[in-house]
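There are two complexes below, and they share chain A, which is joined by chain B in the first and by chain C in the second.
Right after this comes the complex of A and B.
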């Protein structure tokens, strides 16, 4: 039973939970910034040429953890830019509303497309 | 014995600390700038679309490009019915109009109120820190004053020293005077004793001499003396 538990903990990499990302070093990077990627920097996605896109994607780390940290970083970046300023605006609320609308529309698309008015476009 | 040995080693240990600095386990601070909380939110268009997304279009399409893209893409979605205009769409429009109305009516007031509250919170947080700093500064000032006033202690020491010296001097002079008067008293006493002795012996001598002289006078001698006296008187009266 104990071995099984250990195996499971190893499988989910329990040791690394709650730790700083691998590349982070306090002495060189300063205080931890949750919105920053501490791995080896690659070309930013917005500057990748379309023909380099497959290569660029092949270089990316894939898996649950990298994806989760990607979402986490993006969320922190958004939060630090829009939610945390001292003189904030309503922009993040509108962004949430519109993002929710888009996600909701896509999620319900299978049902909504039954309401189309025209047969031929 | 051992403790004395360890004391003897203290200077060398101090020197070791001076040579290599105090070692701590704390991580050295890096030269990276510390993240700072922004004051103003970044610029957005239509109230929520980040300005950078518009900037992305500018090199290729010019300033109107993103607007053209939004309109054309919207019309494409609607005309091909990728975006179906069913009842949820009209509900959304109603909600949007209500939200926009609220934004334009209540928004500025709410914004001003929230800014005020944020300022109050910040001031509240800052004030305790500033109070602490002010307290520390006051303590430092106090200590400086103490230092300055302790310099007066040197003067006071000097004055006390002078005072003690003066007291010693006074004491010395007093002692001198006492010694002088005591010696004088003794000498006076001795001189008086001497004087009295001499007077008494003189008196005694005179008495003894007269007594012995008187004893030595015989009646004959007295008689002759008397006669001689009478004779002298006679001669004297004759002369007169």
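Right after this comes the complex of A and C.
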């Protein structure tokens, strides 16, 4: 059991949780920004050509920890952009509502598609 | 899940509008809830505050089309109220059995009525979680139903659209406020039950 636990901790890289990312250096990067990627810089995803896409994916770090930090960075970037400005708007609320509506529509599509032909709802 | 995403994190020294609004809201609610709880139990207040926010988010988001309204289902509400109420009830019976039995007969009740009073008090104790959950779900169901019926009515009577749109807007505002009020009622009543149990 202990071995299994250790293996799992190794898999999810539990000892590095809550620490700064590997590439971060305070002297060169300045104060830590949770929305920034501190690894080796590569072409941003939006600028990758389709023929280079497989190579670009092959270069990415894979596993539980990199994926978790990817989600964390994305969440922080969204928070920095919409929630943290001193004079923010209601945009994040609307984004969340529309995201929820889209997810709900897709999830219930099989049930909803016949609604057009109903006489009584 | 949705409420976790939108929960404002503290990052800058000067708080954003969302942070300010959230903090102010929590501050007001904290003061409001702390009146209904004994001072020694003030640490437990966070459970009721978070419960209120949880239900409020659920109620509010369910007003928009295609979003599943979980709080209008008895199963969901009962699992919230019954689990909490049962824990308070078990705690009360286990720690203060005399107090519990004492409260079954109200002060100055006439002797011939005492037997009935015990039954009535017991029933009123036991139906508490049910009343809580039914209140929340019936309020939500009725609100949603009125909005849907009015929209169907609007589809059949094209000429009446301007008036019914105005009425529907007013109803929507009412529903938004009700989504907050019902969450508040649910959690404040639970906090009162909690207060009675210790």
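Simple rule for what comes next: the second predicted complex is superposed on the first by the 91 of 121 C-alpha atoms of A that agree within 3 Å, B and C clash if a C-alpha of one lies under 4 Å from a C-alpha of the other, contacts with A are read in each partner's own complex, and residues count from 1 in each chain.
Just so it is clear, a residue touches a chain if its C-beta (ideal position, glycine included) is under 8 Å from a C-beta of that chain, and two chains touch if they have at least 3 such contacts.
Quick caveat, the model's predicted, so the values are computed rather than measured.
Asks: Is A:70 touching anything from chain B or chain C once the two structures are fitted on A? First, second, both or neither.
Replies: Neither partner.
Asks: Name the chain, either chain B or chain C, that contacts more residues of chain A.
Replies: B
Asks: Which of the two partners, first being chain B and second being chain C, lies in contact with A:79: first, second, both, or neither?
Replies: A:79: touches chain C, not chain B.
Asks: After superposition on the shared chain, which partner residues are touched by A:115: those of chain B (first), chain C (second), both, or neither?
Replies: First partner only, chain B.
Asks: Would you check which partner chain A:91 touches, where first means chain B only, second means chain C only, and both and neither mean what they say?
Replies: In the superposition, A:91 contacts chain B only.
Asks: What is the contact status of A:53 with respect to chain B (first) and chain C (second): first, second, both, or neither?
Replies: A:53 contacts neither chain B nor chain C.
Asks: With the two structures laid over each other on chain A, which partner does A:5 touch: chain B (first), chain C (second), both, or neither?
Replies: Neither: A:5 stays clear of chain B and chain C.
Asks: Should A:30 be classified as contacting the first partner (chain B), the second (chain C), both, or neither?
Replies: So A:30 only meets chain B here.
Asks: Thinking of the overlay built on chain A, is A:101 touched by chain B (first), by chain C (second), by both, or by neither?
Replies: A:101 contacts both chain B and chain C.
Asks: In the superposed view, which residues of chain A touch chain B and also chain C?
Replies: Residues 80, 84-88, 97, 101, 105, 112, 121, which sit in both footprints.
Asks: Going by the contact rule at the top, pick out the chain A residues touching chain C in the complex.
Replies: For this pair, the touching residues of chain A are 75, 79-80, 83-88, 92-93, 96-97, 100-102, 104-105, 108, 112, 121.
Asks: Any idea which chain C residues touch chain A in the complex?
Replies: Per the touch definition, chain C meets chain A at residues 2, 5-6, 8-9, 11-12, 14, 16-18, 61, 64-68, 148, 152.
Asks: Which residues of chain B touch chain A in the complex?
Replies: Within the complex, chain B contacts chain A at residues 27-35, 37-42, 44, 47-48, 56, 79-81, 83-88, 92, 99, 103, 107, 111, 115, 118, 122.
Asks: Could you list, by residue number, the parts of chain A that touch chain B in their complex?
Replies: Those residues of chain A that touch chain B are 26-31, 33, 46, 80-82, 84-91, 94-95, 97-98, 101, 105, 112-113, 115-118, 121.
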